[in-house]
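Going in written order, the chains are labelled A, B, C and D, and every chain counts its residues from 1.
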Amino acid sequence: MTGVRSFASDNNAGVHPRILEAIAAVNVGHERAYGDDPHTARAVTAVRRLLGADVPVFFVFGGTGANVLGLRSAAESYHAVICPDTAHIHVDECGAPERHVGCKLLAVPTSDGKLRPNDIRPLLKGFGNPHHAQPRVIAVSQATELGTAYRPDELRALGDLARRHGMVLHMDGARIGNAAVGLGLDVAELTTRAGVDILTLGGTKNGLLGAEAVVFFRPELAERFLYLRKQEMQLASKMRFLACQFEALYGTDLWRENAAHANRLARLLADLVAGVPGVELTQPVEANAVFARIPTHAVAPLQGRSFFYVWDEETSVVRWMASFDTTEEDVRSFAAAVREVVTAG
Amino acid sequence: MTGVRSFASDNNAGVHPRILEAIAAVNVGHERAYGDDPHTARAVTAVRRLLGADVPVFFVFGGTGANVLGLRSAAESYHAVICPDTAHIHVDECGAPERHVGCKLLAVPTSDGKLRPNDIRPLLKGFGNPHHAQPRVIAVSQATELGTAYRPDELRALGDLARRHGMVLHMDGARIGNAAVGLGLDVAELTTRAGVDILTLGGTKNGLLGAEAVVFFRPELAERFLYLRKQEMQLASKMRFLACQFEALYGTDLWRENAAHANRLARLLADLVAGVPGVELTQPVEANAVFARIPTHAVAPLQGRSFFYVWDEETSVVRWMASFDTTEEDVRSFAAAVREVVTAG
Amino acid sequence: MTGVRSFASDNNAGVHPRILEAIAAVNVGHERAYGDDPHTARAVTAVRRLLGADVPVFFVFGGTGANVLGLRSAAESYHAVICPDTAHIHVDECGAPERHVGCKLLAVPTSDGKLRPNDIRPLLKGFGNPHHAQPRVIAVSQATELGTAYRPDELRALGDLARRHGMVLHMDGARIGNAAVGLGLDVAELTTRAGVDILTLGGTKNGLLGAEAVVFFRPELAERFLYLRKQEMQLASKMRFLACQFEALYGTDLWRENAAHANRLARLLADLVAGVPGVELTQPVEANAVFARIPTHAVAPLQGRSFFYVWDEETSVVRWMASFDTTEEDVRSFAAAVREVVTAG
Amino acid sequence: MTGVRSFASDNNAGVHPRILEAIAAVNVGHERAYGDDPHTARAVTAVRRLLGADVPVFFVFGGTGANVLGLRSAAESYHAVICPDTAHIHVDECGAPERHVGCKLLAVPTSDGKLRPNDIRPLLKGFGNPHHAQPRVIAVSQATELGTAYRPDELRALGDLARRHGMVLHMDGARIGNAAVGLGLDVAELTTRAGVDILTLGGTKNGLLGAEAVVFFRPELAERFLYLRKQEMQLASKMRFLACQFEALYGTDLWRENAAHANRLARLLADLVAGVPGVELTQPVEANAVFARIPTHAVAPLQGRSFFYVWDEETSVVRWMASFDTTEEDVRSFAAAVREVVTAG
């Protein structure tokens, strides 16, 4: 049903009107291509302010590109990346990290999408042994793919562990706005001040047309980035039109408004279905996703009302995702449908 | 000088207003991400009509991505790609084809950016010998990086040569609209009916915000494309906003209007400076680029008036590029400056 | 202690005298390089006879090269390889499969190094979804890295599962001779007649100076092999000196004699230490390896007597490996040392 | 004609008897695998003495592996390697450098296989521009693939040029012994004291069974080598059998004897055919190769007498290669055949 809002994905939402306005506003005359323009400079400044850090910031086309470029900047082909087995880099990027970095991914099972030091320690071995891929990156998603969020101290513990072993902490922040709002924190508290070394600063899932940023809190890791971005085919020629989206999102409170809206409606949906017999929330709702176990019989009929993805066929766990443009009416209507379909089973 | 139109690059131009309108028009509600939406389907249809061929069409972020994905679809790592030594894939993509395909590029000197069978034949050897990279792709740019254009019979000769050796003909059509208009032909006459196997159908240089397409005239070469596009980080999540640009450009005559405009002004600039003593046009003006040898002393002062790139430092050849938004006044003013600065030397 | 036999690794053993004789025997005059010689042809014939199959056979330098080339012949970069988490390709090749194939490895925990259909089935999903690495290879080691061996019906079950999903069964047979002898079977019963699609036929660990073979039971997978072997730097110029080793090993019963000898002494060692209080055998001894849990205090003193590797620091499990040249005296002497050191603790 | 000596290639020759003796001599008991053994240490010492430099030395399986690993140690994927268009790395390695380094090869035409600063300077541009592969390596072969040799001052000029641009000088020394003997110099004068940064120190073409070494005159370039060698599948498990060949070759004068012998017979062959009407030597004979233009009609009949390769079909230039085991009788007999066949045409 084209054009109809659903709970399928925040990628299915469109572009926030203020982003389209920002694009139109920079569409004046010529600018040097590839980022050597004042709009891009302003967007970099906006991101640095957000993060409270005068660090290298680069814009790229998409989330997989941002993640892969971040990893490639830190890791050689003989390195290993440790991540949760739900990580986007492990399950949703068609093997791009292995392909482009050449490295090994060591995927760790978790209950809630969050990596903890105890999950990682058993893998921290073989250092100096050329037969073994060398552990080099601890990779987290914030918010996680399960809609949970790391607290700053949890991140710091991972960052400390990384540094003690000469490793780096990488954060896929495709939904970092949702995590920050969910925790009532600023983005800097979850990144700059939490020991993150490399950040994918997300945009597309929070209302942009399409743009992500890669941020290096250890500037030496960015030294090769200009070449890597071009060679990895993530350098936009008309860069101002990517950069301006970031300025509009993070140079104002738009990121926070969009994320807060989506989070609030996810929370509402969770609250409304929590009491439905046969529905079980399987994860805390700390961002804009609701994970619920629903009866198998209810899946198809509910998808017919409003499409969404089954997260795990075996356990009948589904994912419902709120977006910046989800309405309270969308939520109430869908929650009613859940109640109706599930209890009718 | 931010916002000021120049002759530096058609990448420096902004977005045609009708493209921004098209983007706004599809920004309604939710759509399935990653291209499974009706806007993308319509854009594919528009491209197929343009080409008069019911062939696989895929949208990607940028030109390097499109070229690399086309080559990767046709070539194994032990293959060789034969191209002019001016080819974008050879000099402007930071080695991306070698990196992503793993293949060898064999770059041939030409006088005008056009590859001819006699340039290629000496390289067609070593077939079946595992010590030698196997010739597999003949790669041309249309229009060329020197502003020239292949006639259909020239392309057919290359395509025939390719097929006789089990090779494929790849076309980087970043400026195919300019070539078609320059030759007074339809795009199909330069592609579908000229023996091209894989096409990068350009958009960004002809007024889009940012989108290119990869087209396979031999559908079997596209079988792996869905995986390759994702893994090579060229799959847009909010695909409708790329696709709609293509529909607006190629589903109407906008591509032709934009290209015709840019070509006409390049032609005008060439005509106006041709008579200036000390200025020598070094290439026929068959698209939207003017290549001229100017006195060394004139370069910096002229760049101060309106920025452009020196193409060859040694021979003092410069490139002036017209865009969809170049005005006749821009041209006349710049041509006057050329006359003034060159003759003042 | 240079030159002293130990139980550290069958890679630490030297070259069987009959192999050195074979090398000397082919060292007569000139031969075409790179395998186009009669010695190589004879070695291919010997392998085909061993396997009872007229299939493509190629010689390469080493085991990692053989495994990687086999995988690369079957898998694209967007594919996934499913293997036990003890697999040589996963833990002992420094990430070479990811680097050279570009693929993802999905490593499954097992108790005994053997993959079973139930371990694999949960991973057989996402087919056709371009976001997910596509399951393509089931990879086993025979004998396993834990000294256990797959029965033919166990292999057939994996092969059937593979074929039902358009996948291939790859076998790292670095110690296939030990497995065959351990099971009292011919090599063909564990490969040709057990549904294996691609085989690394081991040599170095069974008394060769250095050579492995890659065998394709589905010949179409070998079509690109000549180019891949050269490009992956596994093509020996003086090939006759690799091939003659294979002829000497597999064209006679030498492979069986060497493997039987090593297996028998591993069995003897296991029997002798089994009764020592504080020593626990942790795996069945089905090839030439003994895995035992010994008291932590015993490790260093015993390594001082005769070096060996700790397999798992946490559980104090060690590996003792017999070779073609291990003597009964070596075993009895070492077993006595185990008894002495362990009981002295 | 199996076993019959020819002038086809020094790769077609067998193994020098003293090398087989060395292999047998180290075949005593067990040694730690992968190079952690005293034989390997002694071979490293022998190479360091040869070079008069206490530098990192590593043994690998073959020449392509050595070259690729040397390049990979110095170059990132966005780098370019400048080499003659006759270079082994460009024409004889099936694109392995592009595949494994990811880099671009810029192949320069030369008359004699030797790169000169003036060939290179036009390519030293685009530094710092992320659209262009960054020049990083100047790669020479010593002796060249055309049987010529660089003088020390020629090498120093290239090394100086490299260093002035932050580049490195790589030498493919597959036939460095022949070059040194041809010039009456020590190997160190052509490497350590001539500004070479990375060296493939050849062995196989000079009488070994199969082994090459990679040497780093700038030790910091070797920091990643242990991992790269393993991951690039060039780490021999039974390393002592590779290393001992190097000790036997370079720890004694065997390298010089073998090279001097081959060079002398190439020289003799050149002298004997130089006077034959219709035969024209096309390159100076400075190592163990003779390049000659002979009448087309003579090629096949002469190949029937003793096989050799046509170097250039178009110009009817052939290559005759002498080996350590070529005899004076072989040369006189073949020279007589040349005279007979050519003059009979």
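Assume a contact is a pair of C-beta atoms (placed from the backbone, for glycine too) under 8 Å apart; a residue touches a chain by one contact, two chains touch by 3 or more.
Nothing here was measured: the structure is a model prediction, and the numbers come from that model.
Across A-C and A-B, it is A-B that has more C-beta pairs touching. Taking the mean of C-alpha positions as each chain's centre, the chain lying farthest from the centre of chain D is A. A straight line joining the Cα centres of chain A and chain B is 34 Å long.
Spacing of chain B relative to chain C, judged by their CA centroids, is 51 angstrom. In this assembly, the C-alpha centroid of chain A lies 41 Å from the C-alpha centroid of chain C. Residue positions of chain B touching 2 or more other chains: 34, 77-78, 93-95, 99, 130-131, 227, 230-231, 235. The part of chain D that touches chain C in the complex is made up of residues 2-6, 8-9, 11-15, 17, 20, 23-24, 26-34, 37-38, 61-65, 68, 93-96, 99-100, 204-205, 209-210, 227, 230-238, 241-242, 307, 323, 325. Residues of chain A that touch chain D in their complex: 34, 76-78, 130-131, 134, 224, 226-231, 235. Per the touch definition, chain C reaches chain A in the complex via residues 77-80, 91-95, 98-99, 102-105, 122, 125, 130-133, 313-314.
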